[in-house]
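Chain naming follows the written order as A, B, C and D, and within any one chain the residues start at number 1.
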Amino acid sequence: MSKPGKLGEGAFIQCAKCKKIHFANEFEENLRVCSSCGWHHRISAQRRIEITCDANSFEELDQDLKSGNPLDFPDYDEKRVGAEDKTGLLDSIVTGIGRIDGNRVSLAVADFSFMGGSMGSVAGEKVTRTLERGLEKKCPAIVFCATGGARMQEGLLSLMQMAKTTSAAERCNRASIPYICVFTDPTMAGVLASYASVADVILAEPKSMVGFAGLRVSKQAGVSKVPDDFQSAEFAYNHGMIDKIVERKDLKSTLSQLVQLLGGHLLEQQEGDKLTTRGAKK
Amino acid sequence: MANAVPRTLDEWEKPLRDLEDGITKLKAVAVKEKDDSRAADLKYRIQELQRRHDNYLEVMYSQLGPWEKVLVARAPNRPYMLDYVNQVFEGFVELQGDRRYGQDHAIIGGPAKLNGSPVMVVGHQKGRTIQERQLRNFGYARPEGYRKAIRLFELAQRFSMPVVTLVDTPGADAGLEAESRGISEAIAASMLKMFSLTVPIISVIIGEGGSGGAIGIAIANRVLMFEHSIYSVIAPEGCAAILWRKPEMGPQAAEALKVTAESVLSFQLIDQIIPEPTGGAHRDPASAAQSLKVSLLSNLAELSSLSGPELLNDRANRFRNLGVMAIH
Amino acid sequence: MSKPGKLGEGAFIQCAKCKKIHFANEFEENLRVCSSCGWHHRISAQRRIEITCDANSFEELDQDLKSGNPLDFPDYDEKRVGAEDKTGLLDSIVTGIGRIDGNRVSLAVADFSFMGGSMGSVAGEKVTRTLERGLEKKCPAIVFCATGGARMQEGLLSLMQMAKTTSAAERCNRASIPYICVFTDPTMAGVLASYASVADVILAEPKSMVGFAGLRVSKQAGVSKVPDDFQSAEFAYNHGMIDKIVERKDLKSTLSQLVQLLGGHLLEQQEGDKLTTRGAKK
Amino acid sequence: MANAVPRTLDEWEKPLRDLEDGITKLKAVAVKEKDDSRAADLKYRIQELQRRHDNYLEVMYSQLGPWEKVLVARAPNRPYMLDYVNQVFEGFVELQGDRRYGQDHAIIGGPAKLNGSPVMVVGHQKGRTIQERQLRNFGYARPEGYRKAIRLFELAQRFSMPVVTLVDTPGADAGLEAESRGISEAIAASMLKMFSLTVPIISVIIGEGGSGGAIGIAIANRVLMFEHSIYSVIAPEGCAAILWRKPEMGPQAAEALKVTAESVLSFQLIDQIIPEPTGGAHRDPASAAQSLKVSLLSNLAELSSLSGPELLNDRANRFRNLGVMAIH
């Protein structure tokens, strides 16, 4: 939907929304946001980390985790290997520790290009560990969502990731660890119905698709006349589900403010970490 | 077993019904038969048919495939939540309302006594008549249902009552109205609340354990499944529609998704299977209720040795390690 | 509205709703519920206590409290004295300790006939004490509402009763004391927007008026087309605000069930009270 | 003072505006005056008028009756919540949504820093332009506003942030929609939540403290009132309409209801009055903001010696004994 078609030698990129053609380098510099219509095109986990964390502050973790095929589900192995080859990732989420304006955060970033950002055992485990690292390191946890929902091919194991991740969020709640979730395009189904919706603060990029069931399913469920903005971030915001819609360029500063405001009580507990290693890669 | 894949329970149970019809007819004849010898012969033939029927029933139900389990789990005469509530618990008082927006009749609940001790029962209720099905939204709970459940969980916590949830839903309501009032948030918040309780929780999949709508009230120290219930990340038909663009390939999807109690237990996603009477819970609801009661009591007894914080940690730990991964 | 007109020597009473004429004694025996249309007419606090508590189990408390006129509000003294003379009560709520099927409860019962059941300093104090007696005696607290709301004539002192009573309910919450509220006709405004709405369980008599603002105010507020059942118990029930609508004749048994189910954990803490004094007046 | 009761602030302040107009006109003449002696004369007359104006202003605002206070408290150019937020706090991030149903813009809030330390600010926001007034529902908060406030109070509790609420509402929304989503429950639940917090809470009535809509977010360890704000169980006009069936008798009702900060303090229902600059907060918002900041800081400093449970008990005790009774 918002995946831009490339023209020529990759020197030009067409906006998926308004069809305007941009110089590829300008488009990338503008964080893949169309300078003409403001459409936020999807970005990779790697790029997201670059524009969110202080330079060289991100340390990736959990890199050894990859999915199996526990159910021997038809075609799953092929799809997974294909996604690995295409993206260079082992699953749909990249996790680690980074800093935002000097403040340590535990970070998870979904990459939609890996099997639609779907949540199987590995994604569930990595989000859980991200929240647990917040608990352990006494720092806020931030999760960027970009997902169609649970990964069918792991059957009930995927459904259980909804519970597992929500349990980790509950432990963060109890331990007063701030947990911020950012909905990007799309944030759907099993992910929306679990850890994503129980964050302390929920931000969203403009026009991101946000919803419980695919539009097709909703229509089957008797939704004949849906509003134009149905299942958008704006729809969810208007119905009280999102704190703030923030443009991509402003996300880092908003996150930085929130980390400082909600994480103030944690600074003493971080054993002088901020002073000694501020801004430096661990 | 029939060669073609049955689409409904009726279709699949047709051989049984044929035998039952035969027995009924013979009995009608036998009642009028005056001749002793012919009466004895009829009696023998009835017994014979009954024996074949019982045999057939036992064989059929001991070899249920995943799709047949789907059909049985959805059987319209399968016991529903209130059937169990009436037979297993005493003095149930239904408490209603989410204190926010409205009523939901697909998830209901309230306090009751189990063997004389108060517990909080919450579960999905489907309807049998057309009117009741509509009232119950065909078991698809709305946000208000989960928010009511949260209220009841809070009452259980406040008054130190163990929680029993009975799960039986094709899934949560995915319509425009449910979406606009935050069905996703409601499910997530319900799970979050259940993880925060320091009272014992037991969840039982009694029929259909459908997706997020099911797990929204299935966060427990012990998760049990009736023998012929199913538990799945997605309805088989939905899975088939997405993967193969063929909703009619539900039977294949049911197989691939591994939705049966046995499969789910093999991945240690549930703790115990509650056996059903021969021919399924719908053929002997009283006996199924008795099995449920025995199972609830023994599991609650085991959990009673744990303190509040231990119960909380036990529940978190139970779910913490679910998942199967490879290491790179 | 539902105050029955008396005919003749008081031997007949006319239903305020369907206008059917009843023998007064039958009407009273039927708990002032019209046998023809089911309309629940208001009853006095005294009668409510009779039909709720075990015989002779109720002990009235806080009998020494009566309102002053702290604001020197015009005509307040006259109205109050008039209400005292009419009802034989000192204020709009009767409180005490009683038993329901042998189980001890702390009880408050509003009487609409005393200045419309309005909540001033005395009513606020008595409801607060009722909840505090639940805390002290480790027994459930039950409040029957029948009120137009806060008592204007005590100004901000009345508004503060909303806070004071809600604080007592919060302390009951924390101490796991069950608190049940019964909405009877009417349950409105400042009472509905405070202690009444935060009860663990809320029951209501059929067709009771239940709402935040008077219909007149609601209409001023731009409510042109109101549903027929607006501000009824049924409307509130349909909107998730009430657990159960219970006919007057079934209230005692429902309360009894709830007291047993929700108060089970308290029985050990009551120092054998139940066994030694069951059913007896203290 | 005018003899007839003024119905609006404009009407009441007319003598002041007449003086201001006179000064403006004289200044316009003086600018063009070339003759030194006449210029000196004009300058003198301007100073004289200014002196009279200032005198009059001071006298007027030092003798405000209850009804005049009502008019000042409702002044459309009186500082609103966001005016104070911008001047008193740093880095305010508005958090929105009740996670249930929708948006409310009459009660808003979020974390901010006060003198470098995080606090949670929640309050009523009225609008100045026609569009903003409609957006803010004229300061009448809906259930969603109180439920958002509850969410923010929970965040404050979780992250150990003191809570500051700024109260400025004619009352809660009493319309059909608000009623159907439980405006009463929302107000009550908000009070309940505030009583349960173990962080310090300070509430400040900055303009209109209208009825249940106000107290719904005014449960605090310290309740402060700006000098010319009002706090009342019912709008004076509403009281007059009910008692005397004459809404136009608002001034008499304001007198009878004792709505001024001074009266309310005399019954010990608030803890402190924050002085306003001469002529009211709307004549010098920066100075009013400075007074608010000083007051918040000193009160928070005093509360900082209390532990969480002590703060909880302090708040319950603060409200426990409010009320005036006779003994029979």
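Simple rule for what comes next: a residue touches a chain if its C-beta (ideal position, glycine included) is under 8 Å from a C-beta of that chain, and two chains touch if they have at least 3 such contacts.
Computed from a prediction, not measured in an experiment: that's the story for all the values here.
Engineer: Applying the document's contact definition, name the chain pair with more C-beta pairs in contact, C-D or A-D.
Structural biologist: Taking the two pairs in turn, the one with more contacts turns out to be C-D.
Engineer: Between chain C and chain D, tell me the centre distance in angstrom, where each centre is the average of that chain's C-alpha atoms.
Structural biologist: Between these chains, centre-to-centre, one finds 34 Å.
Engineer: Taking each chain's centre as the mean of its CA atoms, how far is chain B from chain C in angstrom?
Structural biologist: Using C-alpha averages as centres, the distance is 41 Å.
Engineer: Between chain B and chain D, what's the gap in Å when you average each chain's C-alpha atoms?
Structural biologist: 56
Engineer: Residues of chain C that contact two or more other chains, please.
Structural biologist: As it turns out, chain C has residues touching two or more other chains at 173, 197, 239-241.
Engineer: Counting only residues that touch at least 2 other chains, which ones in chain B make the list?
Structural biologist: Chain B, residues with two or more chain partners: 99-101, 181-182, 185, 189.
Engineer: If each protein chain is taken as a node and each touching pair as an edge, is the resulting graph a line, ring, star, complete or other?
Structural biologist: Its topology fits none of the listed shapes; call it other.
Engineer: Taking all chains into account, which pairs touch?
Structural biologist: Pairs satisfying the touch definition: A-B, A-D, B-C, B-D, C-D.
Engineer: Residues of chain B touching chain D in their complex?
Structural biologist: 99-101, 143, 147, 181-182, 185, 189
Engineer: Note which residues of chain D are touching chain A in the complex, please.
Structural biologist: Residue positions touching the partner: 91, 93-103, 111-113, 117-118, 144, 148, 155, 158-161.
Engineer: Can you name the residues of chain B that touch chain A in the complex?
Structural biologist: Counting only chain B, the residues touching chain A are 140, 172-176, 178-185, 187-189, 191-192, 195-196, 211-212, 214-216, 218-219, 231-234, 238-239, 242-243, 256-259, 264, 267, 269, 315-316, 319-320, 322-328.
Engineer: Using the touch definition from the top, list the residues of chain A that touch chain D in their complex.
Structural biologist: My answer: residues 173, 176, 178, 197, 200-202, 237-244, 254, 257-258, 260-265.
Engineer: Considering the complex alone, what residue numbers of chain A touch chain B?
Structural biologist: 63-68, 70-71, 73-74, 90, 120-122, 124-125, 128, 150, 152, 154-164, 166-167, 169-171, 173-174, 189-190, 192-198, 211-213, 217-218, 221-223, 226-227, 230-231, 235, 239-241
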